[in-house]
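There are structures below to look over.
Look for subunit A in each of the two complexes below; its partner is subunit B in the first and subunit C in the second.
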Partner chain A sequence: MQKSKKVVILGHFGVGKTSLIRRFVNDQFSDKYKVTIGVHITKKVVTLPTDDTISLILWDLEGTDALEEIRDAYLLGTHGIIFVFDVSRPSTFQHLNSDLKIVAKKVPERPLLVVGNKKDLVPEEELTQLLENHQISFNYLTSAKTGDTVEDVFMELATLLKSDA
Partner chain B sequence: MATKTDEQDKLELLKDILFPDDREAVQDISKRIQLLEHLVNDQKLLAAKVDPLVDDKLNSFTKNIPNTLGPTITATLKKEIKNHKDDVVDALYPVLGKMVKKYVAQEIKILSDKIDNQLGFIKRIKRKMRSWFGGPTEEQLLMRELASATIEQVLLIERDTGILKASYSVTNTIDEEMISGMLTAIKGFVEDAFHQKNQNLEQIQYELYNIHLQSFVTHYVAVVISGNYHLKSKNKLQDIIFNFYYNFMAMNLDLVFKSKDPAKAGKEVRTIEKELLEKELAASFGNAKI
Partner chain C sequence: MLKQYLQEFANKNLQFVLVGKDGKILESEPAFLPIKTGDLITDVHPFFEGIAALEDEDESEFSFYCVHLEVDNQTYITDIQMFRKKEGLLIVIQDLTEHYETYQAVAQARNESIINEELIVLKNAELEERERFKNLFIQNFSHELRNPLMSSMAITQILGDTDLNTEQKQLLDVLRDSNSHLKLLLEDTLSISMIASGKLELKSSLFNLSKLLELLSFTYQTKARAKGLRFTFKADKRVPEMVEGDRLRLFQVLTNLLDNAIKYTHTGSVELRIAFNQQWANKVHLNFAVKDTGPGIPENKRALVFETFSQLASPNAQQGTGLGLALVKGLLSLMESEIKLESTPGTGTVFSFDLGLKVPLRSTLQSAAQHKSDATSRKIGGPGRKYKLLLVEDDERVLTVLFKILMDTKQFYIDVLADGAEVLEAVIQNEYDLILMDINLPNTRGDQLTQIIREFPFKNVKQLPIVGITAYAYEDHMKAYKDAGMNAVLAKPFDSEELLTTLFSFLRK
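Our next item is the complex of A and B:
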């Protein structure tokens, strides 16, 4: 039987949460920035290498600089989390560790992937140096614009959620 | 020289002379053993002797259950209820809901009848006036007032996650899992925004459609209705939802207690097949008149 899992995408304003989902679900990208108000929900059925299928219900939450202000109602029953930051804007990751602590407190013991988006905007060497300087540990670096590594993020989470079921 | 047999015969003769009582006692014991053997082998005879004893024991055991097993049963039940509080509350919710609802509905009906009696005359005049001045005929107006609501879609949704458990639909809509998520987000937002604990969003209205949301502890039921959705329809719909949910929770509780099976320990299976749930939904809501 196909399982459905609730995945929330969190992060500061304008880090590309909606774009990542759009790229993953519809394989599309738009440069026009549209602010997400409240929450937007999309779905994608993923087939894993094991041939199992899993339905990801993606909750794209509005961006916020104060993560503790995220409505608890949106986080209830979350199965997995993707935390996105913008590699081109240090303000979105300079407090990453404390941000992640807040997330872990609000949604404890759930698989969480940390994703640095917009990698296409920063040269690779500079990017490595930047993240090292800020002592940022992450799971993936992606580009919603080019589609680079986007699929991998969701596939890994889907795999984690499947084994979690 | 006397033979061995002669000696034995003489010995027996001597025994007869010396111990006549002993022989009788042996014969008596042998008879008693035969009798006992007969008694044990004949089930009816044995039952007649043993049954009264067993009955006595059983009666005294039954009488003593409150004292002997009572504390253990109470402790086990308490533990089960504590461990599965949500499931138990959820199972009781429709029953209690029905009772409260019936009481309130009864009181409201009395009040409504009183008001109807007062307003009936005015309504009749109003209808006649509307039909006289070129509007629809009085019959059409009456039909419109009486037109019943129709159930278009029913969704059983997990309350926290917004994940769709089962659905029943007459019309085609966009992906039902997305609708479920969005409804849950809207519901969560409204309930959170007004900081009203234990208050639930009950209805969303858009033009000719209404979405009735009936919340329980772990799940909620969303019903999309077209047509004239009024208090009477709501009343009927709630009854159908309560009945369905009661059955659903009964199935759920069965699973909870079945999964206590030690053979399945550690692999708690607590999901009811979607197909089965959808059959239940279709049976409950398919031909329902509200």
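Our next item is the complex of A and C:
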């Protein structure tokens, strides 16, 4: 039977969580910002390089700058987490380390990937410098707009979850 | 009866679903969601894939708020509650789409405004950083230009005093013109960066406005004639002779406007006109206008001409740095005035501004006249006596020039040093009349040395006149050097007259 794994996408509002999912699931993008309230759930079956398939249930949670306030019910049974920040808005990553601590406390011992989105908005050299200055460690830099590196994020998480099972 | 109606109303947005332990739907009603008995609940929506995980939880009730369920191309925004029952799980779904849509609109407006505000702050910070960088660049650049320009000016002057043939004299004139042009550009550049960083302060004093206008009229008459243009000067009879204001800055504004007019006018005339607006108490309000018959400025370029370096950015750049009008705009705003531009392409342009200037009372006028005659009666150079001067400078080029100017007066014995410790020892060992000292020295700074000298216990050393030389001509720098104990500070580039006048003003006769 196909395994289904619950993945929650977290991060401040306006960082592009919905856009990343939309790019990954439907290969679409819209510049128009629509605020997510509550939660949207989509499913995508992923075929791994090993030919195994895994069904990702993607929970796109309402963005918040106070992660403590996320309702615990949304996080029940979470298998993996993607934490997204916006590289063009320092307010979404300047407290990244403490944000990640809160996440780890709420959902302990689960694979987590940290993603800096909207890389198309900041020149590469400037971006490296900026993240270094803020001492930000991340797993991927993506652009939901151009599609750059989006697939890699979900594929890596899918691989991690598969080996977890 | 009421109970039944109440039930109908309450049930309108509610759906009860009973799910067996195997995930199959046992019962579902009343149905706003198309959920069929016998189907797997996980096939209704991926949200329900999470149900299996609830088995591991201790609680018997679970609430999920604001869950979007897309079913048969329709989106319901719902609150979902789940209760453990003996048959399996009772799921209660409440459709609150309308309620949540209102909430969404509020959240949308809130988040958008927060993000926009953040982006504006970031954008402004970026612009400020760019402006800061530009000013820093200008400051450093103009600083670097000072030493070579100073040498060039001084050597030109020295060459002028030697025997030259006619051709050499003409070449020297060109060199002299280029030097003054460079000096002006340097001053304008510096002024602009100082205005931009808020460091430029106006220095108000009593001055002869009629004389200033006469000088301008004479200068531009000559310049216009050389280009085959007519120059007219008109001033209202009521324009006062003496006024109080920043003479240098007013002069800068007018010369920039006039230079600009002459530069862009190829046939016809340039006019300088001063009109009298009104006089209230001790303040006179004048209108200055510079009119030309040049090509005019098209409407869409009018804002741009006041931008710094706007000319440089244009592919059809003409000679000049494009600093002039930006400087005029900046200086006038410091004087609480504003430049106005009227232009008809093909006919000409008028730049004008209103300016309020203080008019002094009669008694102040007399004492100013007295003061002026005192000042002019003091000639450069003293009587026969020779002075002992310590020259502290490490730049060979500057040193050569200074040495030459001072030696030519035949009034100085000069010691030259560049090392801080040696300077301190020398001032104790020798009885100097004055120290002329560069601020930037190899291992120390002139202002720091001055501070040490001022703390010496020997009266003759402690009170020694010290004149600083600097390429950092900013007012706050100059003030800091004076605070350190320097009697005067000369900003590079200066000419021999400026240097000697300053030195002799501190030397005992």
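Quick notes on this structure:
The working rule: the second predicted complex is superposed on the first by the 165 of 165 C-alpha atoms of A that agree within 3 Å, B and C clash if a C-alpha of one lies under 4 Å from a C-alpha of the other, contacts with A are read in each partner's own complex, and residues count from 1 in each chain.
Just so we're on the same page, a contact is a pair of C-beta atoms (placed from the backbone, for glycine too) under 8 Å apart; a residue touches a chain by one contact, two chains touch by 3 or more.
Just so you know, these numbers come straight off a predicted model, no measurement behind them.
Superposition of the two complexes onto subunit A shows a clash between subunit B and subunit C.
When both complexes are overlaid on chain A, the residue A:Phe13 reaches subunit C alone and has no touch with subunit B. Within the superposed three-chain model, A:Glu62 lies in touch with subunit C and out of touch with subunit B [touch as defined at top].
After superposition on the shared chain, subunit A has more residues touched by C, the comparison being subunit B against subunit C.
Once the two complexes are laid over each other on the shared chain, residue contacts for A:Ser91 go to subunit C alone; subunit B is not touched. Legend: residue contacts after superposition of the two complexes on their common chain; A:Tyr33 is shown touching subunit C, with no touch to subunit B. When the two structures are aligned on the shared chain, A:Asp72 is found in touch with subunit B, with no touch to subunit C. The superposed model places subunit B right into subunit C at 21-29; the other stretches listed in 21-29, 183-191, 399-407 or 471-479 stay free of clashes. Residues 4, 6, 38-39, 41-43, 55, 57, 71, 73-74, 76-77 of subunit A contact both subunit B in one complex and subunit C in the other. By the touch rule above, subunit B contacts subunit A in their complex via residues 158-164, 175, 177-178, 181-182, 185, 188-189, 191-192, 271, 273-274.
Subunit A meets subunit B in the complex at residues 1, 4-6, 38-39, 41-43, 55, 57, 59, 71-74, 76-79. If you check the complex, the residues on subunit A that touch subunit C are 4, 6, 13-14, 33-35, 37-43, 55, 57, 62-63, 71, 73-74, 76-77, 88-91.
The touching residues of subunit C, counted against subunit A in their complex, run 45-47, 49-50, 52-54, 56-57, 62-68, 77, 100, 103-104, 107-108, 111-112, 114-115, 118-119, 122.
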